[in-house]
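Next come two complexes built around chain A: one with chain B, the other with chain C.
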Partner chain A sequence: MAEPVSVAAEYLAGSRARAARTVLGQVVLPGEELLLPEQEDAEGPGGAGERPLSLNAGARSRVRVVCGPGLRRCGDRLLVTKCGRLRHKEPGSGCGGGVYWVDSQQKRYVPVKGDHVIGIVTAKSGDIFKVDVGGSEPASLSYLSFEGATKRNRPNVQVGDLIYGQFVVANKDMEPEMVCIDSCGRANGMGVIGQDGLLFKVTLGLIRKLLAPDCEIIQEVGKLYPLEIVFGMNGRIWVKAKTIQQTLILANILEACEHMTSDQRKQIFSRLAES
Partner chain B sequence: MQRGLDSETKKQLEEEEKKIISEEHWYLDLPELKEKESFIIEEQSFLLCEDLLYGRMSFRGFNPEVEKLMLQMNAKHKAEEVEDETVELDVSDEEMARRYETLVGTIGKKFARKRDHASYEEDENGDIKPIKAKKMFLKPQD
Partner chain C sequence: MKETPLSNCERRFLLRAIEEKKRLDGRQTYDYRNIRISFGTDYGCCVVELGKTRVLGQVSCELVSPKLNRATEGILFFNLELSQMAAPAFEPGRQSDLLVKLNRLLERCLRNSKCIDTESLCVVAGEKVWQIRVDLHLLNHDGNIIDAASIAAIVALCHFRRPDVSVQGDEITLYTPEERDPVPLSIHHMPICVSFAFFQQGTYLLVDPNEREERVMDGLLVIAMNKHREICTIQSSGGIMLLKDQVLRCSKIAGVKVAEITELILKALENDQKVRKEGGKFGFAESIANQRITAFKMEKAPIDTSDVEEKAEEIIAEAEPPSEVVSTPVLWTPGTAQIGEGVENSWGDLEDSEKEDDEGGGDEAIILDSIKMDTGVEVSDIGSQEQKSYKELGTRLAEKTEGDAPIILSDSEEEEMIILEPDKNPKKIRTQTTSAKQEKAPSKKPVKRRKKKRAAN
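So, the complex of A and B:
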């Protein structure tokens, strides 16, 4: 832990913008400015904080860089707004300088367009349902945004039901709106989540960790017994297994695996497999 | 005697009028702002950053529909990276040609008059026979 602290202290002492490329994988603090690769050439080692930003359009062709969660655009640089590790992803195909983002941890969810979330129906008023997604206001869900729903054929949704849907409108100025169909009109697994099961809350970082393509936890859990899990990007997980005991074991494992090392986890799984 | 104004004075008056009108229009007295083309796009979503799997999962056959969905969504996700997409036709070209062949005959029958019905005789198979030459009156040669 001494390493990130010393690095941060050095930065604060120097108060010079660092190149994003050199900071990948390290801890960054809010308020830091990061330089993008093209700007490093102009900034020599003795460069003070200020240098004239001469945008010579003809000289260099700029690539489009996407700044993801935890970063903001500040002139030509990236400004860090959350503390965490800086990550970068190269562009797969096509143009663009890739994506930079900060891998941070938080419990409070802020609605983002395109995210799939689990919501709880809290009210039914006229043609829309009010769904609690864990944000600052309840999202609205129209009864027509279900697969095969028409004005005569209304979906069977009651207050207290769990809904798996995605946001179509989610910004700080408006009430978030969600739907349970995709752009082609198909449900794709969205809609009312079935009976029974258990809903519990975890941190947002854990959800992303569990949904990573190479997550061992999910693979190991899947081998235990038949079960079903739904992950919502708002930190909510719904699990269901054949018996209540199995469901509770599963919920405990998922909540605890955030703070366990892989060895401890393997121990627990082997003990479960035995019993 | 001069009736009305000279053409020159007319022009001058017109110009003065136009000047007065255009001066009355409001305009912003700002220096020209150059639009800064920004090369940084801000996105608040994690979907772009990390390839996350589909959120619904089912294991060991607990929910077969969800398992099918899992395969579909995760395969779609990986297939987007590979750019070999073959467009699958719902109806093959041969079938289309066959349908059109028979369609023309059946619709044609509907609008044919009684005399033309002879040309639309059907084979044993139900296919329409090719139209024979109509029998016209032949003038006898001397």
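So, the complex of A and C:
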């Protein structure tokens, strides 16, 4: 999985930045600068190609590029802040330059707005619950942020319960706030997670892999036993199957999935399916 | 950072699993996790890994004046530190309770048991004695710190060499390591702590609790014993009421475990000694695997995967015969058989423990035969080149051992099973699976081998 970084090493000694397009799928290291497509043209051989004369000579056509996790805007270039592989996604509809991001691996979660996470209720104080989400501060959750909750009709949440919700406020200056309701007022799967089942922690990269559309692992796991799974972007997974033994098997499979190649995984699943 | 709180569902799940005799990593009730001992380049430096719990031990010595009331004895000093990298909850100043408790237990175990001969540390009575200092650092906390720390302490002490000293009349000569080989400490016996966690007011018992199991336990019993079955320290915390026979049972289990761990320690020390004498490379750098990305490696967790109520017949039909043949078992009565001769079991009503050794490094073919007591149906699984190993809970474990140095160790004991007469060499127990299958279907004799494909070391 680790690719030779000799290519990157040559460029690290303060020499010119590389074009983002050429580095897609390769490992980038923090501190590297990347050029966006429009800037490459500008820095290339000037005036050689034919360009339509524009009335407004000073302005350049700007492509809107979204800077994802692991990248930061630095002047008019992209600066890499995390080590990992550079990825790019084309825009769905026409305009915009797509999204660039770095696929990195870590275990410590930092709250991000819009993420769905599993939290553990640590305290009830007045109108809000304090929920531990694995970040530096516990998130606050108001009791009115549940579906169908009113001042008279309070949700049944105890200390130590598991909550699946999303962040509405998550930045480095304030304590994160989460809700168990979407913008239309519906729960949409969020709320208190049931009583039984097992909660365990995995790395953030594995969660993203499992939540990718058409993930093979999830399909294969679903064929084994009937089960319920909740994935939290903070690295927490909650599993529940019919018996304790099956739940333990699932938990161990999901933890081990990170370290197995797809062949090994297929072998394991076929053996499990036999027994 | 504050410790992550334990949610209600986790607690409930763990307790229910313990009631069904299932542990999160697939161990049996009396199983230890894999123990790995590695030595540094200096004498007296070692790292002990008990599963993921890791302790670094370092011994050093110094010439000082003795205590006034003990003029002819050397001084021992023990110190355990919980490093902040061990767990997010460990912060400077925040860990005092746990730290004091662990330090006190370690001191009682090592100092009061007189495992080190302090008289031999005296150089000039009343003036100069050796002060031996044992520093232990917890590098990673995954449960059962005290066991790992006691093993690290005793291993470091056994490994340590102090400079040689000679006294001629009034002259004392302290030799450097270059002039004369350093001398080992005089150690009488090796006390090792064994921890027992109790759940549901003493109803259920687990040996070597994990970090999560420690969070839900009611109480902890620590017994420090040496291989001569002498109890050095016994401590019960958590305020549970233990019955006399429970404590006696725990001491018997501790005796078995300590014997195995002591053997493991002696083998590790012997190996290191051999490598140093032959001039080979030694030290921590050598024990780290080269040319391999160890971040993508995980310890195999033996998990029972069979649903015995369904599909048992199909599996029997599909099973392959095993490749090895040993002497045929002798069938005494339907349901009881014996393989090989063996010595009389001296434990009385306690079962044997069978060791398994994973350090062979080769790939062995697995044949898994497991027998469920209730249904009496035999279930076998086909083994192949796999990384995971599967173990039926409620059955015994036996494995052929190869290789010279069993650095990794674990075993299992189950109470419900009939005692199997052990072989003369208990470490090389081999069991016959074909004849077992042919002779009896509803047999109570458990027959199983576990396969390990070891990528480690």
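Throughout what follows, the second predicted complex is superposed on the first by the 253 of 275 C-alpha atoms of A that agree within 3 Å, B and C clash if a C-alpha of one lies under 4 Å from a C-alpha of the other, contacts with A are read in each partner's own complex, and residues count from 1 in each chain.
Throughout what follows, contacts are C-beta pairs under 8 Å (C-beta built on N, C-alpha and C of every residue); 3 or more make two chains touch, one makes a residue touch a chain.
Remember, predicted model here, so these are calculated numbers, not experimental data.
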{"item": "Clash or fit, chain B versus chain C on superposed chain A", "value": "fit"}
{"item": "Which superposed partner A:78 touches (first chain B, second chain C, both, neither)", "value": "first"}
{"item": "Chain B versus chain C as contact partner of A:264, first or second or both or neither", "value": "second"}
{"item": "Partner chain(s) touched by A:226 [first = chain B, second = chain C, both, neither]", "value": "first"}
{"item": "Larger contact residue set on chain A - chain B or chain C", "value": "B"}
{"item": "Which of chain B and chain C A:186 touches, first, second, both or neither", "value": "neither"}
{"item": "Chain B versus chain C as contact partner of A:162, first or second or both or neither", "value": "second"}
{"item": "Which of chain B and chain C A:154 touches, first, second, both or neither", "value": "neither"}
{"item": "Where chain B and chain C come nearest after superposition, their Cα distance in Å", "value": "17"}
{"item": "Residues of chain C that touch chain A when the two form their complex", "value": "1-2, 4-13, 16-17, 20, 22, 24-26, 293, 296-298, 301, 303-307, 311, 315, 318, 379, 381-382, 384, 386-388, 390"}
{"item": "Residues on chain B engaged by chain A in the complex (per definition of touch)", "value": "36, 38-63, 66, 69, 73, 81, 83"}
{"item": "Touching residues on chain A, where the partner in the complex is chain B", "value": "36, 55, 62-69, 71-73, 76, 78, 87, 89, 92-93, 99, 101, 110, 112-116, 164, 188-189, 208, 211-213, 218, 221-223, 225-233, 240-242"}
{"item": "Residues of chain A that touch chain C when the two form their complex", "value": "1-2, 120, 122, 132, 134, 136, 158, 160-162, 193-199, 238, 244-245, 247-249, 251-252, 255-256, 258-260, 264, 267-268, 271-272, 274-275"}
